[in-house]
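For reference, the structures are reproduced in the following blocks.
Each of the two complexes below includes subunit A, the first together with subunit B, the second together with subunit C.
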Partner chain A sequence: MKKVYINSIASISPQKTYDNSMFLDKITDYNDTVIFAVDPDYKQYIPPAAARRMAKGIKMGVVASKIAMDEAGIETVDAIITGTGMGCMIDSEKFVSAIIDNNEQYLTPTSFIQSTHNTVAGQIALGMECKAYNFTYVHSAISFESALLDAKMQLENDEAEHILVGGVEELGDHTTKVHRVVNHIKPEPVTISTVLNSKTEGAVFSEGANFFVVSNEKQESCYAELVAVETFNTLPKEKVSETIESFLIENNVKVEDIDVVVFGNNGDVDFDTYYNQLSESNFSNIQQIFYKHLVGENNTVSAFGVWLGSKILKTQTIPKIIKINEIKIPEIKTVLCYNQYRGQNHSLVLLKKC
Partner chain B sequence: MSELKEELKAKIIEQLNLEDVSVAEIADDDALFGDGLGLDSIDALELIVMLDKDYGIRLSDPKEGRKIFESVQVMADYIEEHRTK
Partner chain C sequence: MGKGVAITGMGIISAIGNNVTENYDALINCRKGISRVENIETVQRDEIMVGEIKFTNDELIAKLNLPPENNYSRTAMLGAIAAKEAIANAGITDIKKYKTGIVSGTSVGGMDMTEKYYYKYLTEKTPQKYIESHHAGDSTQKIAEQLGIEESLVTTISTACSSAANAIMLGARLIKSGKLDRVLVGGADCLSKFTINGFKTLMILSDTYNTPFDENRKGLNLGEAAAFLVLESDEVVKAENKRILAYVKGYGNANDAFHQTASSDNGDGATLAMEKALKVADLKASDIDYINAHGTATGNNDLSEGRAILRVFGEDLPEFSSTKAFTGHTLAAAGAIEAVYSVLALQNNVIFPNLNFKTPMKEFSMIPQTELKEKELNTVLSNSLGFGGNCSTVIFSKEA
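Showing the complex of A and B:
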């Protein structure tokens, strides 16, 4: 089996992360319960005629994919695989509202065309005239990891050489209201420094797009080796530690070999305990980092965790703002990313220095 | 009539999401398709729905649209003559 490498990365998030020459150098604080992506200049990447039919999620996905492709220095790929938990919410809401408001009459095509979950992967393929494998995984908080696993298996088996893989979410007004009603969104505004200790239920909701070119050949631009990806739909809290240990053993890694562990804490008092139990036991002597205080929570935000892990391995630096504890590491060789959402859909991604 | 033309221009910009175009930039006799505003077949469908919804004009033959959507002036003339609301 061939090895798999992350040869390029791209992130559009509520922080200015779309510029790959920077690494969380300037942090944007907020005092809110819902946060939006910091937009790059979309016009620089998408012709106006095409952009007018793209909602924000599509624009974010298309631009993030272009940044990743540019960094990898390739024109096309053997597959485009995306993950999205909620899909193109803005146009889905527009289309469904139009059905209700107009008594099932006067339905226009544009919002319908743009409302499907696979619109982003489709638009990316159209932009690069790529007729290869095009697939979108819709699987809640493990949508991105499902896409990543598919890409990894194709590359390992040499069925493809370069694959563009990514996760994208956009915020829709109505969906946000619904999540607020069911207390999945925090009741009070929080800031970057208060979110983790807010002691309230719910998370800060957000949007963004994170894309990667993964290949079975290491390029000069390589960020990390993608060693393993595993997902679990259900996993009791008391089994998490044991499951992670088994995952590491399967990949010939011991807990003490991990240099950095990337946790998905979002400040939800009911579910951060999944991470806290690891933080205080198995990983207490390992450098722990988190990121959802900076970029919020959404179904594919765990792709930002992979972005972070990749960036740390390549630059060998860890910005202070993401550190949970302080451990001296002479060389960062191995990174483990662990994420779950509301106690379900757990994912483990193991990265190594390339 | 001039009020209707201004209204049509604003609706075209909003419904077809022509972000970089302003009402003042669309002349009454500018071609909407082809070399003019560069609208396409999906836009034509949007305009057909707009005629029905906002002016009560239902086009039985979609080919009619080619003539009616030639320019804002032609659209306004047609709406004045056929509108039911």
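Showing the complex of A and C:
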């Protein structure tokens, strides 16, 4: 079985992360319950006429994929695999509301065409003229991890050499309103420094795109080795710790070998306990980091966790703003990412220095 | 390469039957399930024909014995019914005995409830329970819940009309790589105003019975359905002395990279998908005994797919047919529906007819099999092609 490497990364998020030469050098604070992605200069990557027809999610996905491809220095890939929990919300909302508002009359196909979940992967393929394997996973908070697992299996078995993997999510106005009604969104505006201790229900909703080129050959640009990915549709709180332990054993890693653990805390008082119990026990002596205070919560934001892990392994630095505790580490060799959303769809991703 | 993955159970609900036996009976008796839509209030009612499952949501709730406060979308309920039949058919009584996962395909997901309560969500309390059922993965989570699959790999694929074929493909790879011992693969999609109106705006809905591969085809009939197959590892098959229905022998996925919704004139993506599937199966085109075509009866699909089939099979073209005239186009579920039909074809050595065909297309001389035909079958190739250029082929075989 071949090893799998993350050879390039790209992130468009509510922080200015699309420039790979920087690493959270300048933080954008907010005081809100919903935060939007910071736009790169789309014109640089997409002809303006084409960009006008694209909803934000498509644009973010296409541009993040181009940044990742450029950094990997390759023109094409053997597979394009994306994850998106909610899909193309903007066009879906447009089409549903048009159906209702006009009683199924005077509809045009554009928003319907662009509403399907595989639009982003399809547009990336079109742009690259890439006829290779093309998949889209749509399973809530593990959409990205499903894509990553698929890529990893193909690379290990040498069915592919380079695969573009990414997660993308866009905010839709109506969907945001609707999620507010059921308290999935925080009731009061919070800031980067207050979100984790807000003691209220819900999360700060957000959007973004995180793409990676993963390969079974290590390139100069290599960020990390992707050692393992595992997902769980359910996992009772009291079993998280033992599940992580057996995941590590399966991959011949001991808890004390972990240098950095990346948690998906989002400040939801009802669900952060999944992470807090680990912070206080198994991982109390390990450097813990978090990121959702910077980039909010969405179904594929865990890809940002993998982005962080990769960046930390390559640069051997951990920005202060993402540290939960302070542990001295001589060399960062192993990173574990753990995420779940509302107690369901848990994921574990294990990365090593390459 | 070349070694197949065992299929040990299957389940289905479609417009032509509520289980595998009923579907088979309709197929061999040429009984199509195309009618006017009854369960959805739509102004398009008299302009379209659909492949509708006649149970109301309340009847489905009763069938599944769900509590009144449940928040199952119709997609989830159809999926759960088919999945339960598949598990029972595979003789599985203890779901936790082996590492079991689910890979499902859907495109509609919970859109049926979203379009019903879109604005009401903001003002009325009662329907708000469905807000969380909107996202595509919810239907799969619900199916897992119905089957008692916990703490496992449960995921969802949405690649438009090729979703379920891709679910079968991933499932086969998960078994081959040892990630799972057992996996339920398939798909579910219900009818919705969203898809009815979407396809209407694309002007590819027929106002009468769909006629795959016919020169005068007028478009597709939308359908709703769910189907699942149980795939099991060789170890489980051996340990449990399992009856094997057929094998997933090969699979291929490619992107047409031509247009967001239309297929390329020469069917590049479909050609690549079929070629890859043959390669994985280690078979030649001439080894295929029957092609269950995607054949949606749209102008674009049948021409593009037909050309692709000719490119791959040339002179060795075996019998082919599309079963969409029976069921309508069941979108993300289609690949699973037709997987069940492909396995039934292998088990019974029959080729199901391509109904409603009269006039050959002028672009080529391909004539589908229009009557039920008995033939010794060892391999069946099934195509699923979708928006976004997604093209998939799965090959099923009698022997591993």
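Annotations for the structure displayed:
Criterion: the second predicted complex is superposed on the first by the 354 of 354 C-alpha atoms of A that agree within 3 Å, B and C clash if a C-alpha of one lies under 4 Å from a C-alpha of the other, contacts with A are read in each partner's own complex, and residues count from 1 in each chain.
Here is the rule we go by: contacts are C-beta pairs under 8 Å (C-beta built on N, C-alpha and C of every residue); 3 or more make two chains touch, one makes a residue touch a chain.
Everything quoted here is computed from the prediction, not taken from an experiment.
In the superposed model, A:C354 lies in contact with neither subunit B nor subunit C. Contacts of A:L126 after superposition on the shared chain: subunit C is touched, whereas subunit B is not. When subunit A is checked against subunit B and against subunit C, the one touching more of its residues turns out to be C. Contacts of A:I113 after superposition: both subunit B and subunit C are touched. In the superposition on chain A, contact of A:H139 is made with subunit C only, not with subunit B.
Contact with subunit B, but none with subunit C, is seen for A:P48 once the two complexes are overlaid on the shared chain. In the superposition on chain A, no contact is made by A:I192 with either subunit B or subunit C.
Look at A:I324: by the touch rule set out above, it reaches neither subunit B nor subunit C.
The residues of subunit A shared by its contacts with subunit B and with subunit C are 105, 107-109, 113. By the touch criterion stated above, subunit A contacts subunit B in their complex at residues 48-49, 51-53, 102, 105-110, 113.
Put simply, subunit C touches subunit A in their complex at residues 42-44, 102, 106-107, 109, 111, 114-115, 118-119, 121-122, 128, 131-132, 135-138, 140-141, 144, 149-160, 166, 170, 173-174, 177, 179, 193-194, 197-198, 200-202, 253-261, 268-269, 272, 386-390.
Here subunit A touches subunit C in the complex through residues 80, 85-87, 92, 95-97, 99-100, 103-105, 107-109, 112-119, 121-123, 125-126, 128-140, 142-143, 146, 149-150, 153-154, 156-157, 174, 177-179, 181-182, 230-235, 239, 243, 299, 344-345, going by the rule given at the top. Only residues 15-20, 38, 42, 45-46, 49, 52-53 of subunit B touch subunit A when the two sit together in their complex.
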